[in-house]
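For reference, the structures are reproduced in the following blocks.
In what follows, chain A forms one complex with chain B and a second complex with chain C.
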Partner chain A sequence: MHESVADIAQIISGATGYVYPNEYLLQWGLLIVMYPFLTGLVAGAFILASLERVLGIKELFPVYRLSLLAALAFLLAAPLPLLAHLGHPERSLEMFLTPNLNSAMAMFGFVYAWYLLVVLLLEIWFDYRKQIVIWSREKTGAMKFLYKILSLGIDDISPEALRFDDKIGKFITIVGVPSAFLLHGYVGFIFGSVKANPWWSSVLMPVVFLFSAIVSGMAVVLLIYMVTAWFRWKKPGMACLHKMGELLLYAMLVDLALEMLDFIHRLYESEESIHILRDLVAKRLFISLIISQVVLGSLCPLVGIVFARFGKLPDEVRRMLYFLSAMLVLIGIYSVRWNVVIGGQLFSKSLRGLTVYKTSLLGMEGLFMSLGLFILPFVILYVLVKIFPPWTGNEESAGETAAPS
Partner chain B sequence: MIFTKLNAKGKWLLNRFNIPRQTIALGLLFGILVVVFLAGRALFVPRSFGLYGHYRGDAIKDNESLAIQFAGSTACADCHADIFDLKAGSFHANVACEVCHGAAADHIADPGKMKQSAPRERGLCPLCHNYNPARPTGFPQIITDRHNPGKPCMKCHNPHDPKPPSVPAGCNECHRAIANQLAVSPHAALDCTICHDVPETHKISPRQNRPGKPNNNNFCGRCHAKPADTSTNAPPAAELIPTHRVEIKTHAGRYLCWECHYPHHPEAGP
Partner chain C sequence: MKNKISSKNLLSRRQFLDFCRKAVPTGLLLVTAGAGRAGGPGHSVADPASAGGEGQGTLRPFGMAIDIRKCIGCGRCVNACKIENNVPREPLYFRTWVERYILPAEGEPKVDSPNGGLDGFPEIAESNSVLKSFFVPKLCNHCANPPCVQVCPVGATFQSPDGVVLVDQKYCVGCRYCIQACPYGARYLHPEKLTADKCTFCYHRIKKDLLPACVEVCPTQARVFGEIGSHSSPLWRFIRANATTILKAELNTRPNVFYAGASSEVR
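And now, the complex of A and B:
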């Protein structure tokens, strides 16, 4: 929010209709777009992992641990855009020390802490405990010391103890699924409860956010799985890819249906805001909503996944289609976040005018900061994978094959 | 000795109830976290927090005990009556002396010892008068970088009786935001005086001589009624708008035109 006079003049000249003076400049920029995008990836990756654990979908075995680690990496990075946007990150601790029980945002701090400490870290710990103990015996130097600490001094890997780990891990996953729903449902709740903004105010918002989160989480895990397989000189297992593709397809269909329902409901209800929302879509969000979200981000990947899963194609082509479709899905879901966060601020509360948003490259709210915050979870994931290698050596049975040299 | 006993007792409990050891370790870790959290709360949350509301109760006492710095808006009049009276009749009537000259309690207590500051540089006035779209229409605003760069404001404006150095030539001198919108709207060809009855004295004393505004739908109907009145009373732009004509009585009902259409930037489409 440090636009130059020239920027402000440009924004004002780009605005049309009647815009209240305090609405010309947007308060929420790229960082707030990044926040729901990252939390969505967390929830989606965790739900994908829980499908293997709770429903016993064995084809997903090669991505189970990878999904958990990806969820943790994204969860650790997710609050950073908010803290960077607000400034004074140390003040966020006050939310825990003196919580305001009437504030959804304050209460969400506890949901977040619960999800991080009780769900994700515990599940990863119980799942890796056997390996941690083994590594603490086999490794040397600093890594041995690290694994010793991580084992909490317990080196019992008897069959009874491991059976208990498995049971409790399953229980945590079952508790974790509603927690993951809460985590991302809340982000939609925050937007959906802004009753002064007709673009946001909808009871469907938490549900739409949740399903778009599941879609984006599955897509990002699919991409991470393919890329990590290539880096290990393996071919991604087709059974796993097919299952992920199928689940992604179903989640996308539900997501699309919910969004269509929201859209049709708005059109049929035709509240007084419908005219400005029509203008908003036609004049300001045409590229990001119609082109990027609907055509590129939903329809194209739907066709791509259907062909990859059910078409008679060579495996190489299928892999390429899955990869491209998952990339497009991520672009599409980022566009969803953009359209919600930026779109909701582009029209005036007078319902008579539209303003414009100008992205800056540098600075705290700039494009490079946003890109950095998107890359950061992948760096964290790299470190996590180094500490907790997710590959057990049983992937071959799930269809992974060594790439021909 | 006592640790050996405790250890033996612990082992017996573990075996008796078949409690896995990893849960004990985790329980201890979470216990430590909870204790650290509670200790942090006890340490960092002030005791008076929540006494009256969601804030530190002692903050009220702290504020009460602060020394009074400001003398108030009328304290200066006793010694500086001439300047006070001049300002009281000016646009700055509601701007207290201490806004520009700083807190004056010490100066009132001992005028000889403590002198007030008198800002003469260029930085202070733009705090209120630099262009900001959130400021109300008619509020004098400048783009500081372009408005006589480098020249102190006081060269042209007396802060105790601020007036433009010359009578404004047109409406856009003060109503810049509206003028900007009007310039790109379908009403761009209309002069402000077509809709507003502006007394010449408005330019010199704007608040005492406010311009008139249309007060009924028939005014807009002069151009936009079906059929439009093209008699001599109609404004010159009537022939420029073959569309945008409505049955004024049935179209608006009990609403006024400008409750839906913003006259300074009406819709461009048919």
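And now, the complex of A and C:
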């Protein structure tokens, strides 16, 4: 863990102005960038699913179950970067056993457990219960045994029981929406409540986090929907894509408006920290904030989605535009997380200097680890989709089936 | 085996209510006592003027005053601290460090702290344009309202009954939230222990009536240590005799480290 002499010299020489000596090294790296990114995807995917269930947006039916499974896959992976970055992961259970109730971070375990156990697992279970019972009767071998266990010994699929399932499912969704807000708003609060850090300390932070979460969740479900459709030799339904595109567009506009409000508010208030924050943006975050977050991650996909939704284009082009836009949105939201987490540590609290951050390829905080953690939820999703196929057959009514061209 | 539980084994309603009658006040008492022990206002005094003489059996908080007019930037305090507390020698980890402020006749002040001031400071080249220059030793402010203690998810960082902010190295999970929350850059992650580390006012020494290492070695007595509010304390006498300021007062951390002679550029 000791830095080499060459590394130290490089870090110190790379810094500009005056940095408190303990602040040359960044404490939170790529892993902590990944953590809010993943929880954002959870919250966003769940909220998208809820729109179908609670508001009855029928066009979203084909992605309802897929969104829930995606949310679960991301949620299962979300605590891993947190755990991996701890100096003593073996003591992590202390956060549950002896939490400091004044600490925002100590609440993570409880918020997470609530969301996983009370909201997501229950909702998925009630939603799939009928299928699980049917599969437990139809399948053979290990899968039969698995579905038997998953049915928790309840095999009543009478119309009354199913009506009850539906009612409970709806109720859980209604509880789930504020829970999803809580999950990601809370992650924003972890940063927004650090009064020592003027880049983080903002009452808007939880709200901005929440809307960026919704944006990223919708984009990732859109991508998953398109890719899974192509893998099954089907064309993703245009009605569903259009509805998701529309919702994504609205969420992006709100997100952008909130971020602009935060930006203008800071500029207008022009507090003591404004000079160093201006330097931070100009000298350290220009590429990740102006280019990647604003231009590539917000403006380009906004234009792309508007064209795909409202332009007079062939469906193939629309699909391609949606796909590219959603990819760009994800890159943009990852940049948001980067700019918050890394950006907030690149300037010294002396407000007089900037330090540097160099990513490595290997190691816990390395690029490969981050990539692995990003790929992991998709592997989990693959397994989940195998166990709980989200394709009901009815989904094509919202889209259209077609042979591969 | 199934129906072994008989009504005999269960509490009667009367017994249960009686149990609650005893348990609730006992629980409340324990909670109140616990809250008092965990750093209540009795030993969390920031305003030196209101610090003295609560006399309710609580300990007076320790504090430090730093006379900027006396500091010569020799860096002995930094070295003594590193030796006394086994602070890693690399220039990225400090429990205390010394900053040099160079105020030019015009423009922004320049601040530096090469290797935390441990090896002293290079000469100022452009001496003609310098309005004034001074040294500012920094350390944990042992805040009475410490943000690091607030954010620690497991309570590994805490306030001692005498107002010293400490880290339990056997309990810290190494999440580094406290490092982010400290406005003074006074904490670092120990590269070997992988836990948060910071100034303890040399707690192992002060509990034996010795001075912190940095205070002990200071050749100009720029650092004054003692109890806040104790009339016989050198710290208290210093605070009475000098106009002192605290760092980043606007954050309401209520530091117990006071600076005499610090101009507004210091932060």
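Just so it is clear, the second predicted complex is superposed on the first by the 396 of 405 C-alpha atoms of A that agree within 3 Å, B and C clash if a C-alpha of one lies under 4 Å from a C-alpha of the other, contacts with A are read in each partner's own complex, and residues count from 1 in each chain.
Everything below uses one rule, namely that a contact is a pair of C-beta atoms (placed from the backbone, for glycine too) under 8 Å apart; a residue touches a chain by one contact, two chains touch by 3 or more.
In this text the structure is predicted, and so the values were computed from the model without any measurement.
In the superposed pair of complexes, A:L361 makes contact with neither chain B nor chain C. In the superposition on chain A, A:A106 makes contact with chain C only, not with chain B. In the superposition on chain A, A:W28 contacts chain C only, with no contact to chain B.
When the shared chain is aligned, chain C comes close enough to touch A:V194, but chain B does not.
Once the two complexes are laid over each other on the shared chain, residue contacts for A:Y18 go to chain B and to chain C alike. In the superposed model, A:I154 lies in contact with chain B only, and not with chain C.
In the superposed pair of complexes, A:T98 makes contact with chain B and with chain C alike. When the two complexes are overlaid on their common chain A, residue A:F164 makes contact with chain B while staying clear of chain C. Greater residue coverage of chain A by touch, when chain B is weighed against chain C, goes to C.
Annotation: chain A residues 8, 12, 18, 21-22, 24, 98, 100, 350, 352 touch chain B in one complex and chain C in the other.
The touching residues of chain C, counted against chain A in their complex, run 88, 90-94, 97, 99, 110-113, 115-116, 138, 147, 149-155, 171-177, 179-189, 191-195, 251, 267. Within the complex, the chain B residues that touch chain A are 20-23, 25-26, 29, 33, 37, 40-41, 44-45, 49-50, 54, 131-135, 143, 145, 177, 180-181, 184, 262, 264-265, 267.
Within the complex formed with chain C, the chain A residues making contact are 1-3, 8, 11-12, 18, 20-25, 27-28, 85-89, 91-92, 94-95, 98-100, 102-106, 108, 190, 194-197, 344-345, 348-352. Note for the complex: chain A touches chain B at residues 5, 8, 12-13, 16-18, 21-22, 24, 96-98, 100, 117, 122, 125-126, 129, 152-154, 156, 160-161, 164-165, 168, 350, 352-353.
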